[in-house]
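Each chain carries a letter (A, B, C and D) given by its place in the written order, and its residues are counted from 1.
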Amino acid sequence: MILIASVTIFVLAVFLGFELIARVPTLLHTPLMSGTNAISGIIVVGAILVGGASEGTLERTLAFLALVFASINVVGGFLVTDRMLEMFKRRPDE
Amino acid sequence: MILIASVTIFVLAVFLGFELIARVPTLLHTPLMSGTNAISGIIVVGAILVGGASEGTLERTLAFLALVFASINVVGGFLVTDRMLEMFKRRPDE
Amino acid sequence: MTLAFALSQNVVSAAYAAAAVLFIVGIRMLSSPRTARRGNWISAVGMLIAVGFTLTLAEIDDYLFVAAGLAIGAVLGVPAARLVKMTAMPQMVALLNGLGGGAAALVATAEFFRFAGAAGSAPADTVVAAIFAALLGPLTFSGSMIAWGKLQEVLPGRPVVFRGQQLANAAVFGAAVVLAALAAVAENKAMLSLTLIVSFVVGVLLVLPIGGADMPVVIALLNAFSGLGGVTTGFILDNNALIIGGTLVGASGTLLSILMGRAMNRSIANVLFGAFGQIAAGGPAAVAGDSGVRATTAADVAVMLAYARRVVFVPGYGLAVAQAQHDVRALADILQARGVDVRYAIHPVAGRMPGHMNVLLAEANVPYDQLYEMDQINAEFPQTDVAVIVGANDVVNPAARNQPGSPIYGMPILDVDRSANVVVIKRSMSPGFAGIDNPLFYDSKTSMLFADAKAALESLIAAVKTV
Amino acid sequence: MTLAFALSQNVVSAAYAAAAVLFIVGIRMLSSPRTARRGNWISAVGMLIAVGFTLTLAEIDDYLFVAAGLAIGAVLGVPAARLVKMTAMPQMVALLNGLGGGAAALVATAEFFRFAGAAGSAPADTVVAAIFAALLGPLTFSGSMIAWGKLQEVLPGRPVVFRGQQLANAAVFGAAVVLAALAAVAENKAMLSLTLIVSFVVGVLLVLPIGGADMPVVIALLNAFSGLGGVTTGFILDNNALIIGGTLVGASGTLLSILMGRAMNRSIANVLFGAFGQIAAGGPAAVAGDSGVRATTAADVAVMLAYARRVVFVPGYGLAVAQAQHDVRALADILQARGVDVRYAIHPVAGRMPGHMNVLLAEANVPYDQLYEMDQINAEFPQTDVAVIVGANDVVNPAARNQPGSPIYGMPILDVDRSANVVVIKRSMSPGFAGIDNPLFYDSKTSMLFADAKAALESLIAAVKTV
């Protein structure tokens, strides 16, 4: 049942994802790319969970590396997207 | 966990539902209304399940009535929607 | 009798998910008239899959029970769907919707009775969901039936109002909620039965004071309720097809009522509690011959139409009443054959259902690329020679634009008064749904053709042929 | 050190669902430039919630481990995001994306090692998901790094090709799949490590033969892969935030690559395996002075611009190379001050990223209501006096419209040749990304201003001021 629930959630997210993305105008496609890229850093949660559950040094090292990678992805991704979006203004206000 | 999965599914369906419905043009709002109305007859599944699980006469009677109601809703809803949609043609072809 | 095989719960759950996906795809395909019909059948297939796989479950052993229920449903549903007139669609939807809501209430009740009878107490979320369905279901049922009665003119269409009504309604609704809470805490069957009854009464009280013309908004809202009833039942039974299917219906009903409200420039609360249409009875009962009103004849209008370059037809509720959709199409055909550019202007709330005019004109085989939405056509009226209003009133009332005190002020309208000539086909000077006078009728470029829409169009057809 | 309290798994699961909802809302808000920035922060809050609630779980006890990891990430991520040039955005996205894919691979590997070491066998779906992530992750990592290298010009931008390449690639990819299957069946750590390595090699082999200019499509695809990596990890850990978040990313990457492919009139397969851009090296190396080409001077163009009623700027990749976005804005300002109607025509694949030109012009504070998309502006060119092409080439190549043999035939282009005059600013006659000649340059209404875009615009500004 758990697996089926997860698959159902996945399928709904697929449909929802395509509807949502289709609404983003070309104007914002570059920020969309970097913004979703930041979201893919959600794997940071996986790294924390696996790191916490692991005992072996190898597993913990792998998880730590994953944690660092994912954190860069998250932090860098959201900041760089914000930098881009900051520039989109209807009227310049220099 | 099951409850949380169900709630998650519900929430995703809410977002997806609004995106999908917002895409339907006014032109098709009446068929949309009757078509979704037919879908709400999915309660027929609930009637079958509860009827099958029940032992008491009262419960079974209630479930049976629900089954009849929901079946009318499903059958009538899809057919009437089809009758309406059949009429939407780009070029008349009498 | 039992089925020879029983599929595992997992397979059936997967089938429910598949059914939900088919509903999603089906509704997605409703976004274009080209794919809409196939979309409806795809949803139906989803339903078939959900029902079919349910039957394979081991605990379903009485197939006679199921077959009888489905058969009775089909025997009643098929002819109803085949025979109902296109103009009676609003009632039909109300009726079917009420049945869905009633079914949700019955299922929740049966389930509640089942576990309230068993030893030990049921899981809290199941109880809560059952109570929720018991509150929503009967209300949906009775409310829809009242709506049906008003639209079918079995009941008075006028709002039924009395002093202190809203207070009384609030009290009854409060009672229902308290009863429901008690039923939940005590897992008590009698308490639940009382809840059902009071919720039923709430539905009646809620819809009675609403004017007949506001019924579509009410039906859309009740549609959302019956969807939510399905969702709660889905939570009770842990069934994703019910949860997702019900949610889609809920979203549809909610969004449609919001859109209708917006097109009428009124909030949902105003629709539900405003007793709109009440003033209609006491509204202006002016008759033809009024100062400044110019009555005309079919022969005069026929000449105007025959020599026009562009004619725009504006259908309204009167077209539905007179069932004149085929006649307007016939007139349009004749004019087109003479080289006139003919268009139809569709206001989003013309008639009594969203998309009402679209359905009627589609029935008359009007190609939908001749139908123009408000925003598109409003830019075209200045280049229009004749705008022919067929049984519309509020949706062409310029008061919405320029009389800040008017009840419809701010509602977007069709700017027919910007075309060179306006012909209004209606039976009298009596007002439309909003119960207010229409300055358009007194405009110097307007001529009134007082007649039933069908009769008027028939004489126009005859007259144009002789021009 | 441990946290004083530990929330139940249920609360944390609810928090994950909430995080997913915030991602959804955040992406929804990206549909308008007015709400986009807030949307990005809402997604970030979702991320914060997901991470924060994870830390409250009882099994997370080594906070030093987590804090160190996050701190190192932040120390590297913040300056990178702050310092990167807008023109280097494609590389930046590639780099970050590779890290995400790498993280997914590492997490899946750690989890696989953990349960492969434990007694008893893991549930089948967990093994399958882990294997899937081990296949996707390293490929995403190495592919993104190669893409980064090509865009940063650390690696040759040209497609690196050899005979039998596709066969070799297929063989290596097949090996990865077989290894993965073996690792799954045997739950064998060494086998999984081998899978990781071979998948890494697949990523390198896949991206090396793709031309630098096709990198955006590749990056979008790899973005989708890293999203899918998240989804599979979500299945392993039964974590809805990962499943939903990853799926949204997957949908975004997939749709973006499809849209880019469509705008270039090429299939994704052609992008991946077509080694497009290869011919660029051998393409026409024609120089200024070619028969039929008319070179002009800044002074001449300045007069034309100053007295035009409408000027449309068409930016392309050359604008990014020259970093001339501020200069084009400055010129536009001066012209607008003189009463000229100035617009920008944005082709969907101008530059090297979807929306590349929008980002650059936004950086220069060009209000986005002056930016016109292809469909809008194409209708306007016939009423345009001067179209100024700033470092664009393929996106204004009429061969796409009228030379059926051309590699870009069928790609929708900006119809600049329909305006009264065309000025092309570029450094030479050398071709753009597609490596083909452009008949526009030989058109009688075209004059070429041969210069670096920034230099040319600066002299135009100076010249217009003296007109």
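We take it that a residue touches a chain if its C-beta (ideal position, glycine included) is under 8 Å from a C-beta of that chain, and two chains touch if they have at least 3 such contacts.
These figures come from a predicted structure and were not determined experimentally.
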{"item": "Chain whose Cα centroid lies at the greatest distance from that of chain D", "value": "C"}
{"item": "Result of counting contacting C-beta pairs for B-C and A-C, higher pair", "value": "B-C"}
{"item": "Between chain A and chain B, centroid-to-centroid distance (C-alpha), Å", "value": "35"}
{"item": "Separation of chain A from chain C, taking each centre as the mean of its C-alpha atoms, in whole Å", "value": "42"}
{"item": "Approximate Å spacing (C-alpha centroids) for the pair chain A, chain D", "value": "16"}
{"item": "Shared interface positions of chain B, touching two or more other chains", "value": "1-2, 5-6, 8-9, 12-13, 15-16, 20, 23"}
{"item": "Where chain D touches two or more other chains at once, by residue number", "value": "20, 24, 28, 240, 244"}
{"item": "All pairs of touching chains, each written as two labels joined by a dash", "value": "A-B, A-C, A-D, B-C, B-D"}
{"item": "Footprint of chain A on chain B - complex, ascending", "value": "1-2, 5-6, 8-9, 12-13, 15-16, 19-20, 23"}
{"item": "Parts of chain C lying in touch with chain A, wherever the complex brings them together", "value": "9-10, 13-14, 17, 20-21, 24, 28, 240, 244"}
{"item": "Sites on chain A touched by chain C in the complex", "value": "1, 4-5, 7-8, 11-12, 15"}
{"item": "Residue numbers on chain A that touch chain D, as the complex places them", "value": "2-3, 6, 9-10, 13-14, 16-18, 20-54, 56, 58-60, 62-92, 94"}
{"item": "In the complex, chain C residues that touch chain B", "value": "16, 19-20, 23-24, 26-28, 30-34, 36-37, 39-41, 43-44, 46-47, 50-51, 54-55, 57, 59-62, 65-66, 68-70, 72-74, 76-78, 80-82, 84, 86, 89, 92-93, 96-97, 99-100, 102-104, 106-107, 109-111, 113-114, 117, 125, 219-220, 223, 226-227, 229-231, 233-253, 255-256, 259, 346, 348, 353-356, 358-359, 362-363, 365-369, 371, 373"}
